[in-house]
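Before any comments, here is the structure.
Note that the chains are named A, B, C and D in the order they appear, and that numbering of residues resets to 1 at the start of each chain.
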Amino acid sequence: MPPAELAEGYRRLPVVRAEAVGAYTLLVLRNDGGPVGSPGQFFMLRSVPEPAAAYLPRALSAAWADEREIAFLLDVRGPGTGSLVTAGEVELLGPLGTGFDLRPGASLLVGGGIGAAILPWLVRLLDPAPRVVLGFRSERHAVCAALVDPEATVVLDPVVVTEPLARLMPFAGTVYACGPDPMLHAVAALCAEHDVPCQLAMEAAMACGFGACYGCAVRIDGEWKRLCVEGPVLAAERVMAGA
Amino acid sequence: MPDLRTAFCGIELDVPLVNGSGTLDALVSGTLGLGAFVTKTVTLHPREGNPPQRIAETPAGMVNSIGLANPGLDRFCEDHLPRLTELGVPLVVSVGGWSREEYAVAVARVAAHPGVAAIELNVSCPNVDTGCISIGTDGAETRALLERCREETDLPLLAKLSPSVADVSAIALAAAAGGAAGLVLVNTVRGMAIDRTTLRPLLGGGGGGLSGPAIKPVALHAVYHASRATGLPVIGMGGVASGQDCLEFLAAGASVIGLGTALFRDPSLPARVTAELDSLLADRGLPAVGDCVRLAHQPLSKPSPQLEGMER
Amino acid sequence: MPDLRTAFCGIELDVPLVNGSGTLDALVSGTLGLGAFVTKTVTLHPREGNPPQRIAETPAGMVNSIGLANPGLDRFCEDHLPRLTELGVPLVVSVGGWSREEYAVAVARVAAHPGVAAIELNVSCPNVDTGCISIGTDGAETRALLERCREETDLPLLAKLSPSVADVSAIALAAAAGGAAGLVLVNTVRGMAIDRTTLRPLLGGGGGGLSGPAIKPVALHAVYHASRATGLPVIGMGGVASGQDCLEFLAAGASVIGLGTALFRDPSLPARVTAELDSLLADRGLPAVGDCVRLAHQPLSKPSPQLEGMER
Amino acid sequence: MPPAELAEGYRRLPVVRAEAVGAYTLLVLRNDGGPVGSPGQFFMLRSVPEPAAAYLPRALSAAWADEREIAFLLDVRGPGTGSLVTAGEVELLGPLGTGFDLRPGASLLVGGGIGAAILPWLVRLLDPAPRVVLGFRSERHAVCAALVDPEATVVLDPVVVTEPLARLMPFAGTVYACGPDPMLHAVAALCAEHDVPCQLAMEAAMACGFGACYGCAVRIDGEWKRLCVEGPVLAAERVMAGA
């Protein structure tokens, strides 16, 4: 975010609806025409009025977004996400960070758990239509697969996404992945093995989202670097460097 | 319109607001309307910082264990400093170290650079076991450190102190005796977070430093007593999140206010706080921000123009 | 049903919950389901306490300056003690003073009374300028005090310590060396509130003590380190407001949990926390509350049954 | 409150309405049939969900109350009262403390500012109907006088209530007063002078409301005592003792 926009701070948006999608919750905000960025970037969100139990804002990447609405798919884990899905209004800062770098040619999307949250938007933008492989903990968690791609290949625990993925290797195109760290590392290793370009959308605990707190340290280029500044989407090589 | 300009240790600030060291990277986000910029603490050698998790949310605040991540003196002076002096606001460089000599080397190197307005000595980082924090809990060490660094520069030296001591005034007096031109109060309060699932220490560094509104009363206490004890100018911080908070810190004895954790929640904080401070001073009929400084040290029986038109 | 019974310094508690000294008057409100009752600190002479305002709300907490208001040892022993020993739960009497001899007199008088289970030495009240707090910031004084009081009784002596010191472990070790049977951590954190209108210190006593959820990370840090350093049993407190908070204090090293400020918001807290603790232990498949104690001191690599079925 | 009831803690009640009454706000809760006590006793209130800016509950005496509704008249000063008048639900503990001791015979009610808040209920219960004297800072603050007694004598700053009150002295009955401390002391002094029995409803900053915190110190019987235990309604002599 350019410093001048950042200095204007959070903007307040009304919640249009918050509804269960299996084990997750879809939160839809009415956008005021403000910028939404691109898939893989993220926003910092907090609910209004300030909840006593969640002092810090929460990082979320949009499931889809345009000038009229911004949607998030949430895994409600604690007080921050809990207060967001019951709020009437939320405040949001962003888009922040660097999203996916959409490459020409074929694409393969890999999502694990709530990592699937940010794929619907990507699916809409990719042409030709991507292949999608998703892994979930349970049927309830897998309900959201329909939001991403009704034709997605879905595996459930104990099967891991790298199983179907391996069968698609070597893939002649770009792999875009989002999910828990161990999954991302496995996907990156598989892609490296087959020399397939791969981008990873990562997560870290974030206090600010704009490079101020140094809280979001992730191993990048073999060092602890700020995910909100370098990512959250990173070329797989940068994550694997020295790993 | 009340006059918000402030002189602090000879540095002219358009607004009496700075960031707390380590709570803003101006090279990424700009200075957001602050009156001066304070760098993250730089040490002689580069430091990667502590492994994650580095932050934990707590009631009305957070605990951090960043571990003084910084590029080290060389890269800082070559790469960062030239860009930082172009920010358009006075620059304060924060330095830390593990011995008097380390601080002295850093102070000399930084002071050699044109465009540095003051140097802050961080003797209060709770996220390293030895070094700065152990200096800042010992009056004699603190004084000796200031004296040693005084030899290296004529720039104002500011001592950044921890509230996690039995008597912050004693440490403040030692810093004053050693030649500190001003005090920066407070660094984070020593704390810890336990992972709610594993029930082990949550932060990669084990313990951490508590910051945010939760510590505001602790910070006000330290500012009030250190300011009274030493008479030195103070940059006051610890949980500031509003113009009203600023007023309270000014009254307690600060002449400049530091914004830290609350910036993480709101990058528009400097602008909002400036506007609030402006109107609060106007409501009280106070012509300048300096008129609030140390009010809490004066008994109320004195004529108190700042109460005119106010009702409890 | 997990077993919540706990033995602490030979005292049997049905639930591992007590009140913090000075945060409940059982003679007015009963014991609300606590496992033991701790009296407000009693001193040799009666004390009226500080003039109002005595309390101020702060983010996620409050600052108080009660000033050890109490009826004095004579009236306490004659009038209060007989009724307190009838409460039906073990009784801990908290004593404070301005010299070793004052404490010793109080300890001897209280110990002479049947029905007192333990005596807590408050060496950490921030609301009086001298006396208890200055003892509790000095290891040698703390040790000498414990040794002197040890001469007066065989009852377990508990040392109640302040987190507002540079190194709480050092004070805890001194208390242990002096013969403390257990530790009570933490007392309030030194703080201050400024009146938002007058911009003068709000509390009648000037400064005060910060308590409530705001200080939970500070308290966890003190419990963790003092418990590791001494191996003594600990009553842990500071901002506890839920069963989950209890779990974290137990893991940090407490074996009994103190409820304080959160009781003011909710007199049903002991019942609620008991129920929450019960179900949290059951979820983890832990048969007894003791199984949580000091978990945070053990590396996670050890087999950790308490994580079974848990997901991050 | 008996210990057994106290141990059950706060009860949650829905807000029926919150409406401006001049400078003050009337907050009406639907009661669940729970106990309401008598005029001059008080409740501790907090809003749901817990507001970030008000950790402690707030002490309020009911304007009127029965098994169906409990009404409070509020002077919105800070975050606690502010969050109560915008809440959909509140939690309340009480009735707490000792209220007015209703004496047979004639009565005279004196209210200053928001002190008038607790008089409507008292007016309803007193028989014969009391005389009422109220003092306010401004016309806007005086609007609430109609809730107390449409026939009340109302004075505005700079006139003080003791002016009309003095003209009613010596009063052959009981005086019940609520308002700021200086007013209460003036009323008590006037009554003492004329040997008229007088009861004062006082205020103090309270953290708990049930004797636990020792925060609510007020000069009673010449000592600092807990207002929530001894009062909040006190015989004027106890307040004047040693004053």
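Some points to look at:
We adopt the following convention: a residue touches a chain if its C-beta (ideal position, glycine included) is under 8 Å from a C-beta of that chain, and two chains touch if they have at least 3 such contacts.
Please read these numbers as outputs of a predicted model, since none were measured by experiment.
Note: centroid distance chain A to chain D, computed from Cα atoms, is 54 Å.
Chain C and chain D have centres, each the mean of its CA atoms, that are 35 Å apart.
Chain A and chain C have Cα centroids lying 45 Å from one another.
Residues of chain A found to touch two or more other chains are 52-53, 55. Taken residue by residue, chain B touches two or more other chains at 56, 58-61, 212-213, whereas all remaining positions touch fewer. Taken as a contact graph, the chains are arranged in a single closed ring, with each chain touching exactly two others. Every pair of chains meeting the touch criterion is listed here: A-B, A-D, B-C, C-D.
In the complex of the two chains, the chain B residues touching chain A come out as 22-25, 28-30, 32-33, 40, 48-62, 64, 66, 69, 212-213, 261, 263-272. Residue ranges of chain B in contact with chain C, taken from their complex: 56, 58-61, 63, 137, 163-167, 189-194, 196-201, 207-208, 210, 212-218, 220-221, 224, 239, 244, 247-248, 251-252, 292, 295-296, 299-300, 304, 306-307, 310-312. Residues of chain A touching chain B in their complex: 3-4, 6-10, 46, 52-57, 80, 93, 204-208, 210-218, 223-224, 229.
Per the touch definition, chain D reaches chain A in the complex via residues 49-53, 55, 83.
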